[in-house]
């Protein structure tokens, strides 16, 4: 098809799917008596109205970027990791545990240690599912989802029990949360008066690193090959099972780090609902960003906007926070459907054929051979 | 379904069908009458299967129409074509393997059941009736996956006839049969042709000459010839088919019997289904020789190839490359020791389709210098390598950044061959290397194999094209039921002799 | 105590069983719907709704039936929606399923929280003891003294077997999930059969969810379904795509859950969270052990079908 038609096709598919997503969410909003227009306006413009809420976008974006990077690595390696929630929780636990239980270690040493602990435990949690997939062919979507629930229970148990803040026990309020982390371990704030912290720099640095990893290293090459066509990778001597586990180690590690960063950067203690759905939102961010760091960073900013905006609508318009799940689900479905249209060469042909039939008067455009090298000698 | 009226004449008029980037059929016309066997001939990619799929209702033609008994018909779905009596027997059988013959037939019968209860008995009776009438023995309660390829093909024919076919279209019917099974099939087709028109698609010119009354030749999606078969010689057909005089590569060089490079002894390998597909197989390939491996597909070739490449566990026996034992070694070690492999499934095993041509050309060597330094890729070296290979192997593509999966079959094969040969292997295993590849690329590939032989490597060529094997091989081994039945020197190999061996008849 | 575990465990399996039987039909046709969790959530909410709305009206006795009907209808519609995405648009089924899950859980939660919120109990459905059989010592109580939905759902096991193996539609479903191109060449509309399967699967998942809220928990909350939708999908693998195997798996899972409760009631000290963890860990274990069954699954499972794909 001519280039002009191609551009038109892509734009219309994207626009149609955005419209469909918007329409579906509007239906839900109407059902609860909220005005879709007002809600969307609040969500998209509310956060930008004042510097603090605008900085909150960055705060939300940090864990989103990290989880999305991990998701991108795993998806491109052929493993559908849905376990970021659980990997984050495990990372939070390890990070908090290390930060609170190594007395006497100075901040500059303790902070990296705590972060690494978070990453490593997330990596281990992810590697478990990876090993199950590689060795026992267990569907990784199911196993990671189950591991999410297990991790959630483990988290609650530890926060209500062994890791609970002794103060809570004394005052009798029993809020499940850990002790406050020592100041030395906190990530510094980038701008006074906001919660935006140096974790953002870590996230941006890792975005660059993941790009280098996937497209500039031999490990990345092997991961992508195993994800794109496992049979060919195996044929070429690539150890596909090892790739799967490596991918899950990386993905879990990034998610675990996301959790650790949230603890030392934002809340400074482990609390309930800390992961607040970042695990799932990160997957949506990854898909929205085309599984590429260059797309993930802006996508994370966009979703940060959505999350902060959704909070605002909860307070102002009384739209419950669950609405975010609806938006995320609808966006996934829209992206995934649109993606198929864009990737399927036949879809374009059929669309062109349909248009031709509708406008029979128009002279039909003869199909120009596309970039497929139809090189028959 | 069985109430369709007989088809006395079927005509395809100016059918045009386009796919993204290619015109598969370009104003193709074809006419077949009752009592006639019409052969549709062309190279792979010439448009034969596409044309027949249009007839079967699987594809929609962009232009042109189909006329049955003079009246235009429009097949929007396979159901329409079926209802009108078009009976298609596909090259890759359209049988559900886990179901029985009767169940497969029942799938196509819409009018035979009470709505809620499946009536298999009626289907079984139908199978018996058709089977008797047309002399095509088929057992209704046999699960399809247990049947041999020849038996499955008979079942396909029976099924098509059960569903009320008034016209038979057979797509490459003999591609998986031994020469003897082929003769058997051709005889049955002659009987069938007395009752209904038959169209068969083939690229095997001798079969076309033997069986058809009329022939239509397609080249690059266009009809280049339509006429009576009896008035045209095989050579003329071949020339029309390819557009130029066919000069097949031949192995004329003297037998260079060098040292044994690849030695397989008593090899035992299990198939997916659990039985021993390779059962005590032994062969030797010497430096500077091409050893052809002939045999009907399904006699252990796939398992042998997988085992040689380290992709399948070995139950017993040994594989020695240059004296070193490699049975059971992982693919990486086999590759590093100098074994090249051009696999059967070029699209999903030989290349990563979504990777660029450049990336595919370093698929096996990416982790070592010069293509990487430490953990990092050296992109410049990789690009230069790709440009070099593209020229040397005449890979036709707009640029090496193009996704390899988008290339034509012949060019994909060139990419694979380029990669394997650039590694200067000690031994090369090539499995069906020219299957589905147009003649120009085939000639090129044959030339490369001969050049490799001349340079002193050992080549094991697995193929189902007897002509190819006879032309290229120094010796030809015939595999039957997982063992080498006999090895025939190239000069003494004939189609008949090989055919007997392939059917299990020892010399 | 065994008696209590059994008596509790049996009704626990209903939600799972219905959803899993529905998912089995989907998978036999070649589509796996991870959005089962979302469908169950919507079904749970709609099942709960009539009982809540009619709480103080004369229509209350009809509320459960209405709830089940609404849930089945919604499940059917969601199944059709999923078919649109995965069959018509040919989107990858795994991710699309997660999208549907989020959507379903989100919609149910949003509407619930907005209009109702909080813990509100509903009466549920009374048990219908079967006259003579329920008096059998020990087992009578367990097997024949349950609410009618339990009997119905276990009846669905032989019903779905009949549907799959003895009806023309079932034959088509199995063909479409194993070799869709063969089915297509014989005139079967692959997309339509898959859509019908997804609709039926969705309806059953909706019913399963409704049982959870109406009869089992007798209330609704955001996290009522708690992963059971995913467990239902796993059960299909575990049961090797046969209704009987799935029934076995559902019983196994729910007995584990009942065990957890019975242990607590009996005062055996066991950290609550670990007990809750147990069924999920069991699923992972079961998936790990059942790996060989992948070879027996429908050959075309998970692969979208496109007739125009150049073969």
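For clarity, chains are labelled A, B and C in written order, and residue numbers in each chain start from 1.
Keep this in mind: a contact is a pair of C-beta atoms (placed from the backbone, for glycine too) under 8 Å apart; a residue touches a chain by one contact, two chains touch by 3 or more.
Values in this document were obtained by computation on a predicted structure and should not be read as measured data.
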Indicate the lowest number of steps between chain A and chain C, counting one step per move to a touching chain. 1
Per mean C-alpha coordinates, the chain lying farthest from chain C is B
More C-beta pairs touching across which pair, A-B or B-C? A-B
So, what's the distance in Å between the C-alpha centres of chain C and chain A? 28
With chain centres defined as C-alpha means, what is the inter-centre distance between chain B and chain C in Å? 44
For chain B, what residues touch not just one other chain but two or more? 19
Multi-chain contacts in chain C: which residues touch at least two other chains? 308
Could you list which residues of chain A touch at least two other chains? 346
Which bits of chain A are touching chain C when the two form their complex? 24, 28, 31-33, 80, 82, 132, 136-139, 141-143, 145-147, 149-150, 153-154, 156-157, 160-161, 280, 283, 287, 318-320, 322-333, 336-337, 339-341, 344, 346, 350
Residues of chain A touching chain B in their complex? 1, 216-219, 221-222, 224-225, 228-229, 231-237, 239, 345-346, 348-349, 353, 367, 369-377
Interfacial residue positions of chain C with respect to chain A in the complex: 34, 38, 85, 89-92, 94-96, 98-107, 109-111, 113-115, 222, 226-227, 230-231, 233-234, 237, 271-274, 276-277, 280-281, 283-284, 287-288, 291, 294, 304, 306, 308-309
Going by the contact rule set out above, which residues of chain B touch chain C in the complex? 19, 49, 56, 58-59, 77-79, 82-83, 88, 90, 92-99, 103-104, 106-108, 110, 113, 115-118, 163
Contact residues on chain B for chain A in the complex? 18-23, 45, 62, 220, 309, 311, 330-332, 334-336, 341, 343, 345, 348-355, 359, 363-364, 366-367, 372, 375-377, 379, 394-398, 402, 406-408, 410-411, 438, 440-441, 444
